[in-house]
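Each structure below is given as structure tokens.
Shared between the two complexes below is chain A, which has chain B as its partner in the first and chain C in the second.
Moving on to the complex of A and B:
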């Protein structure tokens, strides 16, 4: 049996760690939320500033998870599998890239490299020197069954732990959820990884 | 428990079945040709483009053709079963037609048209998507979650992708020359391919092969440039061999990624050398199909499966002179030999790498 050891929600108006609000504010636009979290973490990571919104939020979500659960940083470089999904792939950046060359403009290489959703996995891997398994899938809705089944598969096969994430940026709305799964109930949250439990904590009920 | 793989198919400019494609590749025919005035500056560029299927709705047509082919090559009606999953591999789906909601419509259509019990799983993990999709099917079968997986991959050529690669100066002005000293970049291609992966050897009309193992690994180095040490590819192949419990000496052939860019091919050569796999015959099939992104891993696996079935390894088209610092054994002509066990690899943006081993039963 594997366990969810910590989880995190990011929206336009709050950050919640393990279901409890750690920071709430008047609903802000995406870039303001990103800026506020980046400053609160006191990061000095120059690569951050060139990322698109999707990668920035994924990156910050994992930083918040590491802060809330320092155990994450103790795993070996091959140990953590990264399992991410969303509903619209890289559509927000795709639209910007398309605009860069429409009407005879010059296509922007710095936008083009972010027109693949798995780039955010790459950004997290680079930051943390994590060489483990990667998987990005696209589904209409948060699919707790898929995450629970596949995280269990990866841990049974070769990973020691799984970091899962669901990140959508739609117009000016953020919906992001991250969770960390290990073989032991390190944090005593008593959350065995299965579809029902994962769905429940994702929905915050 | 053995995972079986078979019923492979390919849709490309070279044909609409795996055997037709293999026969054309065997005589070293390419799907690449010059397209007039298509570049971002209206320049002529080489593409591997399917001209027999209309542009409108092409992505959905390719997915359906792949599924139909697997259905007709499987022994029973498997597609509507509760224990069957369809796994779709793609990078940009129908982006030319659906910029803001890519993939979703296509998946809903598949589910409805084929009366699927489970929503298809869409893997979009850059150029390793196809290999990752097969690995995922294998993992599901080993975990007893599904018994059968219809794995299909497709990508179509669009201004979006072509202009994007041009903006990175990654497109060759000649047909691509993977691993060659004079290589100048990729040639973009389009196409689709599919396989049936199953726990049941009788699911296939024609004898299946064994899907032994597959894994992925990140370079943890750069989002758009490969690692100088081939780190992720090295680690993924090492992990796959280890889990498969197969020594590298047992690999008869490597179907490499070989895009034709300076840095990618160099990186691969270093990873293979670090693994002491320098002497294993290797090819890149990009000289036949171009780079078909989400379809590439599946097209190249299907051709490699045909190589096992026909005991024929095909020449790495476009390669003439050694041009990588890692020594590798690139096929400069077709080779008839017994082929039992093959390694398929792929690497992509985001620093991702994947590998898989398939063998004769």
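Moving on to the complex of A and C:
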């Protein structure tokens, strides 16, 4: 049995850690939410500013998770698997990239590199020097069964822990959920990793 | 020439999203890549786009880029000689 040791939700109006609101504010546009979280974490990471919104939110979500659960940073570089998914792929950046050359302009190279959603895994891996298994899939809805089964297999086969995430940016709306799974119930949250539990905490019920 | 250098610094900061850097942090002879500003290969491509979009200069030989984009001084010098 594996356990969810911490989880985090990010929306336009709040950050919730383990189901409890840690920051709330009037609903803000995505860029303002990103800026507020970045400043609150007091980060100095120049490459952050070059990322697209999807990667920035993934990056910040993992930083929030590490802050809430310092155990995450203690794992070896090959021990943490990254398991991410969303429903909108990189559509928001794809549109911006298309707009960059729509009227005879030259396609933007820095936008082009973010026209695949799995780039966000690369940004997280580079920042944290995590070189374990990783997977990014696109599905219509948050699929708790997929996450639970895949995470359990990863921990059985090759990983000591799994960081999962579901991140969408669409029409200035953020929907992001992150969770950390290990072999032991380190935080005593009593959240065994299974479809029902994961679905419940994703929905915040 | 001094106006061009100042404009280039502002354009580089804006186009390359160098939010932690201000115009005063970039000297005319600061290395743009490597130990200086630390720009990377994607930034180099953005500088090529900037040259074409803003100054009408198309780099026919990418090998020239390493020299042209080495500092603000070298960029300004190249632009002033080749601007269309």
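What we mean here is this: the second predicted complex is superposed on the first by the 205 of 205 C-alpha atoms of A that agree within 3 Å, B and C clash if a C-alpha of one lies under 4 Å from a C-alpha of the other, contacts with A are read in each partner's own complex, and residues count from 1 in each chain.
Operating definition for what follows: a residue touches a chain if its C-beta (ideal position, glycine included) is under 8 Å from a C-beta of that chain, and two chains touch if they have at least 3 such contacts.
Not measured: the values here are computed from a predicted model.
Once the two complexes are laid over each other on the shared chain, residue contacts for A:108 go to chain B and to chain C alike.
Applying the stated contact rule after C-alpha superposition, one finds that A:11 touches neither chain B nor chain C. By the touch criterion stated above, A:137 is placed in contact with chain B alone, chain C being left untouched.
In the superposition on chain A, A:44 contacts chain C only, with no contact to chain B.
Contacts of A:197 after superposition on the shared chain: neither chain B nor chain C is touched.
Chain A is touched at more residues by one of its partners, and among chain B and chain C that partner is B.
With both structures placed on the common chain, the touch criterion links A:116 to chain B but leaves chain C unconnected.
Once both structures are placed on chain A, chain A residues 106, 108-109, 113 are touched by chain B and, in the other complex, by chain C.
The part of chain A that touches chain B in the complex is made up of residues 77-78, 82, 87-89, 91, 94-95, 97-98, 101, 106-109, 112-113, 115-123, 125-126, 128-140, 143, 146, 149-150, 152-154, 156-158.
Chain B makes touch with chain A in their complex at residues 40, 91-93, 95, 99-104, 107, 119, 121-126, 128, 132, 136, 139-140, 142-143, 145, 159-160, 163-168, 215-224, 231-232, 235, 239, 243, 348-352. Listed in rising order, the residues of chain C touching chain A in the complex are 16-21, 38, 42-43, 45-46, 49, 52-53.
Residues 44, 46, 49-50, 105-106, 108-110, 113 of chain A are the ones touching chain C in the complex.
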